[in-house]
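To start, I am sharing the structure in question, which I have written as structure tokens.
Letters A, B, C, D, E and F name the chains as they come in the text, with residue numbers starting at 1 for each one.
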């Protein structure tokens, strides 16, 4: 692989002046370098333990362009395997999900236990003379981490722990997996993961989702007439739930040196419940009670709410108390993103609450959702726009709020800017630059142990 | 013309079939002509409009093939309120995913009457929907619909239930801003 | 068989509809079988054969969407003389764009009778035309036709007008050497 | 209702046409629903199931265009025994080319009755078959079928002969594990 | 970008011996180099002022692979802009044509005036703190030139003037935009531009159209039976209008050092009218009168009639008195051409004349035209034929008329050969070679001011 | 072209340890190098003389990615030409087969005699001034060899003779073209060549077909229920004809230094006939008689039966007495194979025997065959599996039988292993490595005359 020189990339991503070359979104060599430098080394979101509750359960997932299996083995331990036979590469499992004792390859029949070991090789004695070292030919396995029920994995044995990788962003991410009453590991995945192809470079959604507040009022200008929010027409048809009136600070947050960022509100616990499900009293009751339990649980503490992104390609929403969806923007060629959208609910919620949330998710999100169908349009067409001979001479403008960042741990961790700014996008690209240049994790924070890089 | 009883039944079925084909073709025409408000009039107030996602499953384990409308996420799972909302959204002229509006062609085929229960007829059909927009963006949506059409003495036929089977696993379109 | 007046009307419409479907299917068959001369016999002497180009326009400004047959350039805008010329051209065996001749499949669907005026019936239909030639060159042409079919007591139905709506902006084929 | 002789004939043809459409649509439905054993019941014991390859030939030399079922290699050229074998093969759940089973949609169109001879009807139709499997593998098969359908007093209609014209030269699919 | 060395290219394009490597039609790197070296520097045809008669009118066009807008601003001035938002690249205008006061981006709502200035930025104060230098972030604008109503543009500030670029070819091109009576700037565009994709390298049509007389009798062998010409069956069904019998010289013309070329006839003004529209007397009358007015206008002068090509990708026909269509062969990937075809009529002609011409254009030209559908077939299949491993060892033969060129200003400007020859094709490739090698316009004629290169 | 260094390729193809990098199946540069180094130099299978029985007959074939014509000229001599006009490349013949006096190009009408000479150039005098050296511009012609009726060709004038190229493998290949009674040149092609595209790198089928005995029982596990063999249900529904019980040795055979390999049985002639066509007595009779004639013909000799592959991409089956089909796996892009399948029968067999074989071929083979449809599935998906960033770190395992090869000319020529082994696959890759590295045939066996390379 031809590696792009560090200075070439630094010229392209000029965070000091807030400009980024269009080239990074369309260059095939840069894309190949991303697969090696980023997706083969970073911690990636895989799924949720509620997808594989029983021993032998498995479900397909992806890491970068590649298919992996999330498996709960015969003894109950979780694994993430590359879904490829070591003999000639055929996928050892071609179902989207299921339960099995063995993964048997349809080509020549090598079979692998649910813990990845190669256990069956046809004609092992008669043709391999008993000499094949089966223990060396198991399924390639990734390192995994279980973060409050969510599963993450990395291929790099040298990567820091997931905790280090997340750093202080843990405080922003953890609420995503809390139940409606604020207890940890309180959610489950609703069955059915939205999957679709979008003709856009993966970085358009990955560097901007929940760090691009400015697009909402234009991109989503048409959706309010449909009044898809839980409150229906009550709030001018807003696509989001009714906002609380409790005093809160709106912040654009970025973690320098880590690449994570998002848009969050910080407030003292104790807000009264905000009426949301006006027309569905039983749902309203559930959320009111959950809210009160949560306020009690966090009494005297700061509450962080909002959505963000974990570098490189996992993003999530958490606006209001109720929404907990994730998107993962898998690279699928320089011009294509394979989009996956996961939706969570409190696992203890009554079925009608789960149903109400499920319907709201479907109205809002994914390629069919009334809100997000318009995001696809803009991300799609931003990609060919980055390709033109002349267009590439005009870098993109990432200057919103540049120079207005500050740090104030008494408010919240990380670098902050007031709402709105593009510092989150700059920060994700700052991290991108590090990953693209570093030879290995020894050269990169947090593994290197050096001073945190500045970030933008 | 000597029509025997069997043929009489056939003729009766045929007339019903023709009525329903006319209805489905008119629906396709209204959608392609972007007469969304008129189209909404063909939709019953209590419609269940549903399009599951499709999974790759082991032979015979068909019950897991489609996502459930009772507990799972699907592509569409909604009623008339949302459909009407979608129509209003397009009509703003600001719904960028449909602005400029796509060129859409609903080809409806294999119309089969599966069952008649009082005023309700269960109808299966197949569709090929072609969407072309801007310079050259093109999608094919191919699959089946199982409808319940309800005859209303006053206002004619209405779609009371629509179960759409899109023959795709990963959706092969960046978004869906059309009706099926 | 107790057929009431409404059903009688329905039956009459149905019979006409069937006749027209038969006509359109036979036309498709002649074209796909390369019986172009027989096909020309189905075309009225005064036919207006028209396929506009399609523009991307602002919501609601539909009058600019299709190129006009009165003042603008279209894909097709011609009469029987030119159609017959096209047939003669293919029949030379030297029309390289069609030599060797393409494998063409005209799928006609959604046949709707819009209007009956004396001997003339206004008919809408949808088409998917598949063209495959040489090793692997493949095109899909998808869209609608609005025809006026004229019944001639002596010679049967004829196409008196054909307005073809191809659902593309930039033409997604290097050329068009087939009939719609 | 004043139906004249000509219309009577038309009606008779129409009823037959409708019966046949119902038959062909039901067949498509059984295949798409993977009810292969039920589908086999629609196939006559002595069926000739045939799909030639297509050649690029000089204008007019059509006799060489399709491979012959008497002396040449074709895509399909078989009887019920092989069709039943194919069904058994899929039903093992181990036929990897169809495991997990494809999502298939048979769109049947342009149903034409060409000829009636006693209990046998010669029927032409067009098909667009969409196959989608695993994540995103997608094929379109487009072409024509010329069937002989035979009416059996006891067991209903059967396919007695099927001549499939796939409009491709080099096959544009890695394999064919579906029925036409 | 890897640049092809000059000597490699010169080896491929051996104009001395009249052979050109197939490689130039299929090599991806050469194609990328063309986009930079040719399409980002040459004068390109954009459209015609009759497309945007009113202030605020705009219409889409292309320069190379990229979408541009031809706009008449609020004050009536014409502009050509790259159709891309400076923020994240989205097209600021997605309609094919229209009239507007502003171009507002559907992504985050930046809006641009019809003169290209960035005039609206949402949250300019609240999020950009009033600091964004709007004047630096307008739409990229090309230099334009209005040549008798036709609009041309270049991205290169260093390019010579359009007049210099055209050189003596002006005499061959100018008649294209004359009315039927020979007055300058006498035409208008018929509404509706044919646009289609052809799977062929852009150079096949661009280097040969109107400089490849030899293809006609073979490629278009089948069209005469259809008798599509204005005279119908009268002239053996010729697809062209009836040729004048007035003494005239048929010439293949090429402009050394400029790359333009064509096939022209030169004659003394004064020919009698040639019967053309035998079956349509009212059209005939119009053309007869126009012809006479033209002969009067040019009495005693030489008349040039014919078709040619302006380097790199604009071509036109002008055979007979009546036809004035243009084609532009936009590159759209190394194997694809986006073909645009514009049709002109005298703007003062009566409607029935415009209609007759319009119908003739549709019968003749474009992908549906009975004549040109066959050109598409040949250009299409010449492209894969250029790709084969063995095929690439066999260069193409461009030897027709090689060594028979002469210069005689008393006949006509430029290098001449008798009809027929491939000198026009050689000449277009000679210019292609210069563009591909020159570092900038300072290295290239006419800017360099050195002696005119030889050309072929 | 960037050439892969020899050591890089040797690292990828580690035959000593029996591992091969996935990269070789998916790398675009390697693929381009294959077209130059292998397909432009090796002997390739073209077709059979029975396809062009009469003077003037022609049929399309392929060499690598390129279309060629197999032609019997006016005097009866066979030729293989590149199907491309020397002027601008258009295919001079666009029919799949036929009979002609001339190939006339549809672009500008150059015409070529059936012996490849350029004989007609329109306007040769008027436009070329009689100067075009026609004798230099004929159709590019390949060297051919007629091997018992089968036609082979190479582009390389420096290549060894076909006999040398085949070496001792001649003994394994020759039976393929024998009649059912064992006489040489006894077969004819059944009309109709199966052609289809498979999304797989050409090397998957080409390096393994008939040298991958292990896939059968898994890949083809489902086909026995269909009982497609000639014996019907009689033999458990086996897809193959009933195996003879006569004593025979099953061998995996590879020709070191040549790249050919296969799976064969060796036995003394004299076996009694094995009942095969239980339900078709007239077919049975024919084959019994043919068998007896054959046993008589070869009395006292060794009989070799089986299937294999001739490097690089021709493979064939010959199991049992009856099957004689060929497949050619043409490269058609790094991820696509254009598959051609030819079926042979004894040219003197009665029509009903030809028909029975023809039907059996159709049940068994090609993309619609009940057996081979499953091969397509596995070859298809092995290709994307070779592409992943992580997957490419895990080479494929080619160790079956490694180290168990032996040489014993008293049994059969070549290196042998007992049934089953992957030595044939290793051997094809050993040859692949030589072709990819050698500058010319002077560097390669057999031309180099040095010691035979070891092979694997």
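Please note the rule applied: a contact is a pair of C-beta atoms (placed from the backbone, for glycine too) under 8 Å apart; a residue touches a chain by one contact, two chains touch by 3 or more.
Small disclaimer: the values here were computed from a predicted structure and weren't measured.
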Provide the labels of all chains in contact with subunit D and in contact with subunit F.
A, C
Which chains are shared contacts of subunit B and subunit C?
D, E
Count the C-beta pairs in contact for C-F and for A-F, then report the pair with the higher count.
A-F
Counting a repeat as over half of the contact pairs in common, which of C-E, B-E or C-F repeats D-F?
C-E
Subunit D and subunit C are one sequence twice: same or different residues at the contact, by the over-half rule?
different
From the C-alpha centres, identify the chain that is farthest from subunit D.
E
Between subunit A and subunit E, what's the gap in Å when you average each chain's C-alpha atoms?
49
Subunit B to subunit F, mean C-alpha position gap in Å, rounds to 50
Residue numbers in subunit C touching two or more further chains are 11, 14, 56-58, 90-92, 96, 99-100, 107, 109, 128, 134, 136, 169-170, 172
For subunit F, write out the residues touching at least two other chains, lowest number first.
94-95, 106, 197, 219, 377-378
So the touching chain pairs work out to A-B, A-D, A-E, A-F, B-C, B-D, B-E, C-D, C-E, C-F, D-F, E-F
Footprint of subunit C on subunit D - complex, ascending
1, 7, 10-11, 13-14, 17, 54, 56-60, 107, 109-112, 124, 126, 128, 140, 142-144, 167-170, 172
Which residues, counting only subunit B, touch subunit A once they are in their complex?
51-53, 55-58, 61, 64, 67-68, 71-78, 82, 85-86, 88-92, 94-97, 169-177
Write out the stretch or stretches of subunit B touching subunit E in their complex.
96, 99-100, 134, 136
Of subunit F, residues touching subunit A in the complex:
22, 204, 212, 214-215, 217-219, 377-378, 381-382, 385-391, 393-394, 396-397, 399-404, 420-421
Taking the touch rule as given, give the residues of subunit E at its contact with subunit B in the complex, in rising order.
94-95, 106, 197
